[in-house]
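Look for subunit A in each of the two complexes below; its partner is subunit B in the first and subunit C in the second.
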Partner chain A sequence: MDRTSRVVFAVLLIVVAAPALALVIRALGPVWFFPNIVPSGNAVQRFTEDFGGGRLWRAAGTSVALATLTGAGGTVLALIAARSLARARRGLRHVAEAGALLPVVMPPIALGVGVHVLALQLHVSGSLVGVLGAHLIPAAGYVTLYLLGVFSAYEWALEDEARTLGAGRVQVWTRVTLPLLRARLAEAVLLGALVSWGQLALTLVVGGGAVRTLPVELLAFLRSGDDHLAAVAALLLSIPPAAGVAVLARGMRSTGGVV
Partner chain B sequence: MNARGGTAGWPLARVLPLVSVALVAAPALVGGAYSLAASVGVVGAGAADAAWSDGWRVLLTPETWRSLAWTAITSAIATLIALATAVFIGVRLRSSPMGRWLAVAPIAVPHVAAALAAILLLGQSGLVSRLAVGVGLTSVPADFPALAYNASAVALIATMAWKEFPFLALTVLAVLDTRGSALEESAQTLGATRIQAFRRITWPLLWRGVAPAVIAVYAFLLGTYEMPALLGPSDPVPFPVLTLERSTDPDLQRRGEAHVLALTALAATLALVAVHQRLRAASGDGD
Partner chain C sequence: MTGPALELRDATVRFGSRDGLRDLSLAVDQEERIALLGPSGVGKTSVLRAIAGLEVLTAGTVRIQGRDVTGLPAEQRGVVYLHQVPSLFPHLSVVENVAFPLEIRGTARTSARRQALAMLERVRMAELATRRVTSLSGGQRHRVALARALAADPAVLLLDEPFAALDPELRADVRESTLGLLSSSRIAATVVVTHDVDEATAVADRVLVLLAGGIAQSAGPRELLARPATLAVAQFLGIPNALPGQRDGRGRFASPLGTIPAAGPAGQMVAVFRSDALRIRPATASDQQTADARVIGVRHRISGTVARVSVAGLTVEGIPDGACPVGGSVALELRVADVHLVEPPQRAESGPPVGRPRV
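Let's turn to the complex of A and B:
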């Protein structure tokens, strides 16, 4: 690395790390008098008090439940879609890819406003089921695109061979397809979960403020002037995706996924 | 029909791809259709007394167009900054594994967390303002320039660019890795300066590969809610925030406007998707 590149690296390090540092510093204590750099007050006590039955704990639980169900449900939908699409005619595959792209590129608010009316008609607006349904829409789109990449490099011959040797459709699924795709499917669940984990717009519109996820609580803490707990919520929100992205990055390198 | 899957002759195999895509795309399509129906007062809150044109009147107000124009401009500036950052970092740090890792690290931070970090960092009583007091540049929060919550949108643009440059950097690095650096090295051997080699060789080749990702980032920023909601001004109201405000308006008649705004955003996004698909096809990645 030449001298200029070292300077660029140093600047990049500061630019990337500074926002995370700001969150960590603000999470250290509830009182942050100007112009002190480090906050004061007993952060641990406040943190444990709140976590002992407070909003952050419940919000984290709701977010984990939604992310898990979205990841799993989105992967089931996407697996059915991507597996059949990967073997479809080229023209149909293009139409299908555009179909899967639609829920991915649709602005969340635009999507949420329409889906909210749908949720009202189905009497699931303001409920966990309604929000789960809303999260599944973009998640299924993302995961379908990911799995299309996976199936483009899939060894179909192994399934054909199993059939030739007398395996039934269920046996092909349980003995060949699922074992072969186990790692990729785990990554797909993770991707779907990540789409749900950071969702604010869809949760607000369809959940109507009644479904309290971590992003919703973060916004509420901030709007009520409690940027200490907002920073704690932001850190809780950032740690799982950091681990998830590392796993996904490894998976994408090995599959050439299109996401 | 299909030699690979062994499903020839199975009638469901012909319709399964369409059925499965319908499963994935239908909720978005049905949601869009509901928005369309609600925008003309057929369904939704206030449907009983809404006239055909009530919701669409929102498109005649200057507030809507100011909001849309402001959102389009701030998103465009953020996209350009993210692109410039990604290209600069990609070209400079492509051979450094640590640099490559750093360049994509912000992808992991959710948008709402990034927006909060921007407030804590760039707000008038934020960390940078406190450091400015520490080195004697300012003495009270009001001395520090207001970077958030106003129409200049400095904090919002910085956050958008911070969140989006990693995705563009990934694309830039992928293009650079595929191509290698032989052409630039030849040009420099023949006497071209580093800047000339970049302008004449690197950039034209890079742009073809990166253009679809740039369009995708712009489309995403146009529709994103979290960052403008936390960092944007109250005048003009950012377009996604305006849409959400209308959809929860206590006046039921105004909720129809939310659907018109949502359809406007959707139309803009679909136009950008069409551009994206054309650019992908042109860059030879259409399959």
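Let's turn to the complex of A and C:
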């Protein structure tokens, strides 16, 4: 790495790391409100107490449930879609890829308005089911694109061979396809869950404030000016994505990035 | 069982969006091994996939042991299809791969493993039974794939370019061991697809030459090489000599190399023959040739040396007998029994011209 590259790399590192560092300092630093003479503790203590109160426990529970269902549901939908598309004619595949990309590239707030209209029609607006449906849209899009990449390196001959060896369609799924893709599907579930985990715009628009997830509560802390608790909630919100990226990176290393 | 083990009748096979092969019919007798021989892209693999049920026929029927399987899914046909590159399940060990067809048919795991081990013994792979298949060499993968195919006890075995992916030094060994295994198995019909003439004639009881649009010839290896049905077949087989001439209808054929006996009606014909039918030796004063023949090239191969000779405006290839330097005048001796006459290409045909261009 030459001198210029090192400088650019250092600047990039600072740009990326600085907000994270500020977040950690704010979350773990002392809480010292006027007119107290000494600090009244730190943000984590307040956060833990608030958790004990139940509000954030419920929000975390809702976020975990939504993320789990979105990850699993999105992966099921994406697996079916990506598998079919990977074997489709090139023209159809391009159209479908563009379709999968649409909810990914659309601004979440714009997507949310469209989904909200649908949710109202289906009488699921303001409910967990409505928010789950809304989260599934971008999650399925992301996971479909991910799995299309996986299927582009997939050895279809294995399924053909299994069939001529006597395996029915269900047996091909259970004994060949799913075991072969196990690691990639776990990553897909994780990806779908992460899309849901950080989702704010869709949750607010479709949930109408009735569905309280961690990002929604984080926003509430910010609005009320309690940036200490907001920082701790943000830190908590950041842990699963960081862990997820580590797991995904480890998976890619262990398989060399192939199926 | 009487009647053909495998029968394809009036089958039309699609390649992508077009009909690649139309009205294709073939039958494989009980315990017969045939080779589908043809150039790349002619549809050999599509025929195999259609027989296996991995591709749908646009028209026609497939019958296996007399049973119409055209509408049946691949898993119910009793056909095993082996890909060019052995497709072993990477998440299973060697023995698990071989036990796969047994287990999915409901054989208990311990029994399936025992039978799989016995099958691995037959292919001399038992000592690697617990290995991951990803750690095997090309030849070992091939043997495991074959053991797994035989464990499925198929009525019909389809081999798609089975030795093409192997290194040349391994190919002959794997081919011989494969043939030995197939001979000792109870497979009713075996179809091998290949574009390699030597491979087709080595493995098959009968060779079907598949050229554009259909089967150009069906014959035993010896017959095929000695008597190609058409000039196109001869050229595909790599028979190097094709001499145009006139059959007079009175039992003679006149060509630039002289006149030879040839029964049949009068008309333009082409004499085709292999290099080993033509002996080339240095010309002597006693030789009385109708045309000046000179060596224009000598090629040394593992199977022997061949020389190319320019004679009467054409190029022929034969086996040199003695020193035949390039540019030297030579005498040609054609073994008439090995010469076969075929029709010249029709004007509408777009095949290569008769004879070989000068180099």
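Observations
Simple rule for what comes next: the second predicted complex is superposed on the first by the 217 of 259 C-alpha atoms of A that agree within 3 Å, B and C clash if a C-alpha of one lies under 4 Å from a C-alpha of the other, contacts with A are read in each partner's own complex, and residues count from 1 in each chain.
Note that in this section a contact is a pair of C-beta atoms (placed from the backbone, for glycine too) under 8 Å apart; a residue touches a chain by one contact, two chains touch by 3 or more.
Computed from a predicted structure; not experimentally measured.
Contacts of A:198 after superposition on the shared chain: subunit B is touched, whereas subunit C is not. When the two complexes are overlaid on their common chain A, residue A:65 makes contact with neither subunit B nor subunit C. When the shared chain is aligned, subunit C comes close enough to touch A:175, but subunit B does not. By the touch criterion defined above, A:163 lies against subunit B and subunit C together after alignment on the C-alpha atoms of chain A. Put subunit B and subunit C next to each other and count what each touches on subunit A; the higher total goes to B.
In the superposition on chain A, A:155 makes contact with subunit C only, not with subunit B.
In the superposition on chain A, A:28 makes contact with neither subunit B nor subunit C. When the two complexes are overlaid on their common chain A, residue A:124 makes contact with neither subunit B nor subunit C. Counting contacts as defined above, subunit A residues 160, 163 meet subunit B in one complex and subunit C in the other. Those residues of subunit C lying in contact with subunit A across their complex are 49, 52-54, 73-75, 77, 79-83, 85, 87, 89-91, 100-101, 104-105, 148-149, 152, 154, 158.
Per the touch definition, subunit B reaches subunit A in the complex via residues 2, 4-7, 13, 16-18, 20-25, 27-35, 38, 43-44, 88-89, 92-93, 95-96, 98-99, 102-114, 116-121, 125-127, 129-131, 133-134, 140-141, 162, 216, 219-220, 222-226, 229-230, 240, 243-244, 247, 258-259, 261-263, 265-266, 269, 272-273, 277, 287. Subunit A contributes residues 1, 4-5, 8-9, 12-13, 15-16, 18-23, 25-26, 34-37, 77-78, 80-82, 84-85, 87-88, 90, 92-93, 95-96, 98-103, 105-118, 120-121, 133, 136-137, 140-141, 144, 156, 159-160, 163, 197-198, 200-201, 204-205, 215, 218-219, 222, 227, 230-231, 234-235, 237-238, 241-242, 244-245, 249 to its touches with subunit B in the complex.
The touching residues of subunit A, counted against subunit C in their complex, run 155, 157-158, 160-169, 171, 175-176, 179-180, 182.
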